[in-house]
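In the two complexes that follow, subunit A is the common piece, with subunit B as its partner first and subunit C second.
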Partner chain A sequence: MKELFPRKHVYGFISSLLLSIIALSLYYFDLTFQLSMSILLITAFFQAAIQLIVFMHAGETEDKKSIYITIYYGVFIALVTIFGTLLALIWGYY
Partner chain B sequence: MKVDKSLPLEYGTEQNRLNILGFWVFIGAEIALFGTLFASYFTLINRTGNGPAGAEIFEIAPVMIETILLLTSSFTIGLAIHAMRMGKVKATITFFIITLLLGLGFLGIEIYDFIVFIHEGATLQTSGFTAILFLILGTHGAHVLVGIFWGIFIISQLFKHGLTPRTNNKAFIFSLYWHFLDVVWIFIFSFIFMKGML
Partner chain C sequence: MDFLDRFAVPNPGPTIYASMVAIALTTIAIIIGLTYFKKWGYLWREWLTTVDHKRIGIMYLISAILMLFRGGVDAIMMRAQTAVPDNTLLGAQEYNEIFTTHGVVMIIFMAMAFIMALMNFVIPLQIGTRDVAFPRLNALSYWLYFAGAMLFNISFVVGGSPDSGWSSYFPLAGTDFSESVGTNYYMIALQISGIGTLITGINFITTILKMRAPGMSLMKMPMFTWSALITNLIIVFAFPVLTVALAMGTMDRLFATNFFTTENGGMDMLWANLFWVWGHPEVYILILPAFGIYSEIISTFARRNLYGYKSMVYSMIAISLLSFLVWVHHFFTMGQGALVNSIFSITTMAIAVPTGIKIFNWLFTLRKGSIVLTTPMLYSLGFIPIFTIGGVTGVMLGMASADYQYHNTMFLVAHFHLVIIPGVVFAMIAGLFYWWPKMFGFMLNERLGKWSFWFIAISVCLTFFPMFISGLDGQARRMYTYSESTGFGVWNMISFIGAIGLAIGFALIVYNIYYSVRYSPRNIPADPWNARSLEWATATPVPDYNFAILPEVKSTEAFWDSKIYGDKLFNKRIEPIHMPNNSGMPFIMGIIFFIWGFAFVFGLWILLVLSTIGIGICLALRSYEKDEGYYIPVDEIERVEKTGGKKK
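Here is the complex of A and B:
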């Protein structure tokens, strides 16, 4: 039974739960908006990294490089889309 | 069919390895898709018209339960793949079933949440804000729904054929998809719900 619950996965699960609890607790603390958003950014990207590395085995074969390039490229496109939109439409830099 | 025994079964053939790489490329495209939805959400967030704003309709309890359900399901599908690599077909199927049940629970609460929103006067047509809110949550929810059907077919194939390079490959690709949905939810949870309730 024990071998069905490898340590790596259990720790990954516990850390993602902890990160979620940190994010949820912001609701009860009265921090400034900037500070809360910074904490949310950190907890979200850490959780994404845990999923990618621990659970999705992104780096275990010879395709590691191609996989990471694909993911970085997707994230790059997403960030440019989001911040480009914010710059032009919300923050008024056009 | 040449099977390379030094790798996990799901990578064993050239075709299987390429299937997995191809699915990563698909996930890259999905990241871009959700990027555009988030960009639209941040643009429309203040366009509430006569309808409610996020802070008025978001509630912490359902969001908390949804997060825990999806996080746990991501853990159990990871365990399913681990069991699959040890060649334990029964444990694999059990973890798959638990995963899909947790996914179903997530969907149930999300639908309940949608009904609450609508009762509070936030429908798809109320304002720019509610339209993009339902669109982004609905796109994620639709992915979970598709995942549940996909998972059912994988379970039936595991029952029928057991653990072969082919079924392992399909199950592994499904696990990638499911973990990815959890990642998307983390961003929805952080930058839509938590940000809206701060």
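Here is the complex of A and C:
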């Protein structure tokens, strides 16, 4: 019975619900912009990781390596683009 | 009449009337020709509905050559206008439109299509498979590209051409300064063909990762396949940025949003930023397949295996990452501080390192090789010095403080033409000559080929070297005229003479094609160049299914080893081959997308809604369609194999 129970998926489902609730509840708390943004970013990051790994089966085939490399590559480019843009258009002036 | 007024060209001139007549005559001639020779059915069955990667490649090739001439005519007109001071051949507005369309046509519709042509034709053959992963999507990619290209090209005669440069910077490209629908054409046409390119990217990554011949591990792939894999990876990560930027630009122009405006919190430099976040990787999307082609050609005609295979692969991977780190060097003069410029200056210098590694690898491949000077090899050898000059001036431009001097001058124009022409155009012509016998079953004339090489190579230097000087003297790019006292006259005249030489060179290539179609011998072997990779292991012409038996690969140069060491490539028995059915859907979707784009450009909302529904219907039909493909039986394969690839 223990083997049949999809533990990973149930926990994944519960934690993705929890993460959504935390993110939504920020609306009702009067936090500073920086703090709410940080919480949103962190919850979004974990949410994306859960979706990719648990529900989109990222690590379950023999392509595991190329899938993860592509994801890291994409994340790297996204971060570089965002921070590079912020640097060039906002932070870089003095 | 009010309704029709919007389609009028805002500033008509003789060039525009001439092209109207030319377009009308060409269309009539094509329709009459097809009807007279009863070719409509043939055209539909064999080409418009095809999902065969080889035929799609050839259609890309024809489109790319057509666009090369469209862009080339633009170039000649620009050089003619600036050949002498205070020239009045073209007005300022006409000149703006011409340099804009020249840039867009050459980059998006010529160079990209040429790359797609060679990738489509060669990659499945080179990795020993029967087609790409998604043959019908591949056809859709082509027709979306074609719809975008045609939409962009009619702008010249319907409603007015875009006139704010190929980079289309806001606020100039906003409705305040670009009132005609020209920039709408730019936004929508690029969007449509960009979707096609993105689909190709996904298609080829899947093909290369999933469909290689048994035994071909990643590190045993031919170099052109490696370069195509990296290129398509960059496409998938870079093109979404362009898609988003174009969507925001379209909304600014048509729905009065304020992303790139100078008021209400808009930020005009955000466009330049997003454009180059895509635009710089785009440079490497163009150049990497060219590097792959040179690697193939140089090792074939130096009769040596490629020097430093692994360092070639790793340098391409490094380029693919670094290409996303350098975009700000396109606007060093925006006004940001020294820290930002220093960072992007350093990343720019860094990207010259892997590129330099590749140049040295080619030189070491040539060393001690027994070099055969064929036309493709001439182009590859000509590429190395000219590209290096273009590259070194690029490093000069990459030094942020010096860039203040070079920015927006003819120096920059000289730099990027001396990179793109030897880097991309030479590679494409070399690839065309190299793979032509595999595509069409006869070789292009070598003597004419060499003549065209010398014309093109010398004329490129003649056209663009003077621009370094006039640029350093202060001639800004995109200036439609200048006064005599500036002293730019002599340099621009030399440029103009070079441009004529280039035109002769390209005309020679066309004459070469015509000459070879008529006189070239048809009984050539399947491997006329004594080449090294798997595409030459097929029969010529290549049968529909490419390989009767899928090859088994043990090394990076499996075909060469089978010739020299007698490794057996084909070990299994012939089995029935599963093939995809042809489909008219991609072509029809291309037409609907063209109408969709046209409606968007002119804000014809009812037509837009209707064509959007049409696209939706096509997608839904495809989702519910049951298409199992068909099998070619064994006896038919054996019959085709006996005749050496010819049908029946």
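General remarks:
Here is the rule we use: the second predicted complex is superposed on the first by the 86 of 94 C-alpha atoms of A that agree within 3 Å, B and C clash if a C-alpha of one lies under 4 Å from a C-alpha of the other, contacts with A are read in each partner's own complex, and residues count from 1 in each chain.
Operating definition for what follows: a contact is a pair of C-beta atoms (placed from the backbone, for glycine too) under 8 Å apart; a residue touches a chain by one contact, two chains touch by 3 or more.
These numbers were taken from a predicted model, which means no experiment stands behind them.
Bringing the complexes onto one copy of subunit A puts subunit B in a clash with subunit C.
In the overlay built on the shared chain, the residue A:A48 is in contact with subunit B alone; subunit C does not reach it. Applying the stated contact rule after C-alpha superposition, one finds that A:Y93 touches subunit C and leaves subunit B untouched.
Once the two complexes are laid over each other on the shared chain, residue contacts for A:L26 go to subunit B alone; subunit C is not touched. In the overlay built on the shared chain, the residue A:M37 is in contact with subunit B alone; subunit C does not reach it. Of the two partner chains placed by the overlay, subunit B and subunit C both lie in contact with A:I77. Between subunit B and subunit C, more residues of subunit A are touched by B.
Using the contact criterion defined above for the overlaid structures, shared-chain residue A:S66 touches subunit B and also reaches subunit C.
Of the two partner chains, subunit B is the only one that A:P6 touches; subunit C does not reach it.
Aligning on the C-alpha atoms of chain A brings subunit C into conflict with subunit B at a single listed stretch, 260-268, out of 62-70, 134-142 or 260-268. Shared interface residues of subunit A, touching subunit B in one complex and subunit C in the other, are 63, 66, 70, 73-74, 77, 81, 84-85, 89.
Remark: subunit A residues 63, 66, 70, 73-74, 76-77, 80-81, 84-85, 87-89, 92-94 touch subunit C in the complex. Here subunit C touches subunit A in the complex through residues 209, 233, 237, 241, 267, 269-270, 273-274, 277, 321, 324-325, 327-328, 334-337, 339-340, 343-344, going by the rule given at the top. Partner subunit A is touched in their complex by these residues of subunit B: 7, 11, 17, 20-21, 24-25, 27-32, 34-36, 38-40, 42-43, 60, 64, 67-68, 71-72, 74-75, 77-79, 81-83, 86, 88, 91, 175-176, 179-180, 182-183, 186-187, 189-191, 194-195, 197-198.
Those residues of subunit A whose C-beta lies close enough to touch subunit B in the complex are 3-6, 9, 12-13, 16-17, 20, 23-24, 26-27, 33, 36-37, 40-41, 43-44, 47-48, 51-52, 54-58, 61, 63, 66-67, 70-71, 73-75, 77-79, 81-82, 84-86, 89-90.
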